[in-house]
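Please find the structures below.
Next, two complexes with subunit A in common: one pairs it with subunit B, the other with subunit C.
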Partner chain A sequence: MKGLHRLCFIALFLLAFLVAGVLFALIFRLSFKELLDSISSQEVLFALRLSLLTSFGAIIIALILGLPSGYLLARRSFRGKAILDTLLDVPLVMTPLVAGVGLLFLFGQTFLGRHLARVGINFIFSPWGAVLAQAFIAAPIIARSGKSAFEEVSPRYEWAAQTLGLKPFQTFFLVTLPMARQGILSGVVLAWARAIGEFGATLMVAGATRMKTETLPIAVFLNISSGELGIALSCALILIAVGFIILLILKQIGNNHRHGLPMKGIQ
Partner chain B sequence: MNINALILFLFFMSLSPLTWPAREIRAEELHLLAGAGLRQPVDELIDIFQEQTGHKVLVDYAGSGNLLARIIASGQGDLFMPGAFQYIQMLEEEEMVDSYRRIVYHTPVIGVNLDKASLIRSLEDLARPGVRIALGDPKAMAFGWMAQEILEKTEIKEEILKNVVVYGATVKQLALYVAQGDVDASIIGRADAIQYRDRIKMIPIPDEYFEAEIIAIALLRKAAKRSEAIQFRDFMSSAIAIETFQHFGFLPIGEAER
Partner chain C sequence: MAVISLVNVRNMILKDITFEINEGEIFALVGPSGAGKTTLLQVLAGLEPYKGKIFSDEGSLDSVPPYKRRMGYLFQDLLLFPHLTVEGNLTIAMGREIKGKEQKRKKALELLEVVGIALLSKRYPDELSGGEKQRVALARALASSPGILLLDEPFSSLDFRIARYLRLEFKRLQKLLGFTALFVTHNLQEAQELADRIGVLKDGRLVQVMKPEDLWLKGDLGGESFLEQPNILYIHNQRATRNGLIEVEWAGLKFFIPDEGKPFDRVAISPGDIFISTLEPPGPQVNRFNGKIKKITETGGMALINLEVGNENIDVEITIEYLRTLNLSVGDHVCGILKLRALHGC
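Up next, the complex of A and B:
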């Protein structure tokens, strides 16, 4: 066992070294003053705010669409389920740029796009486009992880809850969802990480208008293209830092819940 | 010999051609970094070059600024062919350019969606209320800052800017928006308008409004395969190369300016 652990330790060390190495390589390109100037610039602050808002919106939409889908796929079998199940994975294997072009074609100058615009829902060239692009990538991840999380919860608990008088909706929110939250939460972490780093689809649907649809990844791209490596790297570091903090918080929430789970005994 | 060992043996046998020395010992591999907008003519020319000389050219296509950052950070690559001459000058400041050859002009035009062709016939028409315009980011791309220069020279800059609904990060993105009808018009490259000629109408911009961008190829100082790279540099500025570029909508540079 000792030998095995030693080997695993070497692998872990190499992996951590690689990640930390990349981080330090990025940080050492920047002087402290450059970083400070960039972080306090209007453009970077705007990009940070927009990235947080759009990714948050995208996760909410992804949860609303993804969780019920995942639940249904876990509990029911129906004709064509395998195809539908696979279809949901398509955005995950699509190049984001292609997803963006597809969304542009679907919501652009089409029947659907024009009618949505008429009632005031305009995805194209607006920050909502960034939300749409990110939700398109995030929802399948949540559906996928939701499905396996719900599959882990035996339907017997739901039957039991219902024989004790809970209505189906109550059962879902009081029994199934809490029991599946660990898996769902790790799905949210993954989906959120993909959403906030999303670039290609956002670029096509929302455009790269500074101070309007400029999320952090777009700011990184624009500033690398215009040779302003300082701002680009600062944005990249902020993106990494924000990501790190949120991942940490979400993991913490997951752990606390696990320890305080009332039904831990019966799981 | 058991069956697994046999399969393993066959597998490695099948890989061995990969490790054989190339048959033509003199064939070299060159590494070119080229602006994404130049892909069509460059791909075609590389095929011709490979046929003529046997040397292989591996190309990285990306935004010119992106490539520049990559060259400066890594010091790698033999040749650099950006979408705007400015990037070669920036690399010269870093003392990384050995020499360069000018090839063709990358000329800006107004690209108009065919359905709006009757509405927009000139630069002035871009200021009409209700026209939807896409422009390139003024700092991140050549046709972005060129568009700003052009607008500066008009009397109606503010009116035109009011009509801008989106800024893009690459010129192909702008061309796609026009072709799809998501915007009515944009300032793009002549070559981009020609690529979409079935959906985009090209309106020339009078010469006095702009200085056309120059496409050039630079030999990098640290080029590993120097003599082959020089050969490719000169091939890319030869008559056949210029003819190919012209075919894709680029305009030739007068002898005096080259």
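Up next, the complex of A and C:
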């Protein structure tokens, strides 16, 4: 056993070295002053603001579409459910670049795209495209986590609520949703992480136009391409910080779930 | 006046159920497992599809959704909302007729006071004992101001002492608040203690409706699936005494039973109403017997002991604790007493 453990320890050390090496390479590439100057530059601030706005917009759309889908899949049996269920998983395994191409073809110069453009909703090469691309990636994650979370809540609680006089919508918002919120919250955090870091699909739909459709990942891409290392690294570090915070939140949710804490406190 | 009437109610499990429950009445539904007791409650609450007619004093309920039926349902597994405090579990059940958070809070505290747990209002369900949860569930069912209370095996998951205490509490509350209730149980003693009328459900059919005092008079109680099937003693001779008792003979022994003014040829007694001990107990030498233990069955904190008395058999129910105290095992001899008031001629 000792020999095996030694080999595992070497593998763990190499892996940790690689991860830490990448982080340090990014962090210590620039001096602290250069980093501060870049972070406070207009372009980085624009990318940060656009990323936050588009990702929150995408999460709202993903919640509106994903939660009811997850609830229905958890509660009802119907013809074609297995196909629909599998279909929702496709964006999770699809290369984002390919997803972007699909979105471009669907919402580009097609009947649907032209009609939406006529009422002022133009996704192609606009910030709305970034929202669409991110929502496309985020919604199935929320639907999937929502389905699992709703399945954990016995439908008998909904029966109990109804016999107490709660209407179906009241039952959903006052009983089912709060009881499933742990799983849903984990899904939302994960979906937001995917949305804010989304690159391939956004590039295809929204394009990469400086100070227009420049989210943080697009900013990294544009500035690395043009040799502006400071801005590229600033954006990359912000993304790493966001990722780190998300991991911390997920861990906290996991801990609370084990101790049954966040189930409480809703009045 | 009938609060609820069922006319030919049927579905996959129930078969042409027709009966009514009167205002202020406690109606018990007894029957073996799988008889359709819970299904009938769910049908009444609108949670299961059915054919036939159900009426309340406000008219037909057949197309009324569960949230408008005004039926408080105390589920067997209670289903307290874990994300809400005790108070929150009650206020969520209060409709628009009670306006404002403060009014709802006040009403919730009043109800919790009635069931004796007002001090626990800020606790969460997982911080309560089994008996406390039961009280919260009862208070919550009452908080929705139901026309009728439906209770599904309300005391079955509790320790027998707490269950007995809560049964008394339930009776007190019913007298205090005057609610109408339909409860299902497979515990005959519970039905007899609480109900004004008892219905026997068997294979989805309501085979009998009777008064609690007639419970032992009816033989068709659904077979051996009941938890507390009464002992039926086939007696040989009977003689009226001058003091309101009848002397009967069973297993070669003489016993006294209360004279209920009805003819009978059998005597019923619940296994829980027979006292046994390893030593001769003190007190008057009436209704005593000696028996040999043939079988001991342990279930849910209780032990069912089958005794051989003369050429006859009788079942006795005692707690597991008492069984351990007496250190009883098969083949042991015990002294027994049949409680006089628990003996019924049938």
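The rule is simple: the second predicted complex is superposed on the first by the 219 of 267 C-alpha atoms of A that agree within 3 Å, B and C clash if a C-alpha of one lies under 4 Å from a C-alpha of the other, contacts with A are read in each partner's own complex, and residues count from 1 in each chain.
Rule of thumb we're sticking to: a residue touches a chain if its C-beta (ideal position, glycine included) is under 8 Å from a C-beta of that chain, and two chains touch if they have at least 3 such contacts.
Please read all numbers here as calculations on a predicted model, not as lab measurements.
Once the two complexes are overlaid on the shared chain, A:Ala133 sits clear of subunit B and of subunit C alike.
With both structures placed on the common chain, the touch criterion links A:Leu237 to neither subunit B nor subunit C. Look at A:Arg156: by the touch rule set out above, it reaches subunit C but stays clear of subunit B. Contact with subunit B, but none with subunit C, is seen for A:Ile124 once the two complexes are overlaid on the shared chain. Of the two partner chains, subunit C is the only one touched by A:Leu166; subunit B is not. In the superposition on chain A, A:Leu216 contacts neither subunit B nor subunit C.
Per the touch definition, subunit C reaches subunit A in the complex via residues 45-47, 65-73, 75, 77, 79, 81-85, 88, 92-93, 95, 124, 126, 140-141, 143-144, 150.
Within the complex, the subunit A residues that touch subunit B are 101, 104-105, 108-109, 124-125, 203-204, 207-210, 213, 218, 221-229.
Put simply, subunit A touches subunit C in their complex at residues 154, 156-157, 159-168, 171, 174-175, 178-179, 260, 263-267.
Put simply, subunit B touches subunit A in their complex at residues 63-66, 68-69, 90, 134, 137, 139-141, 165-169, 173, 176, 180-182.
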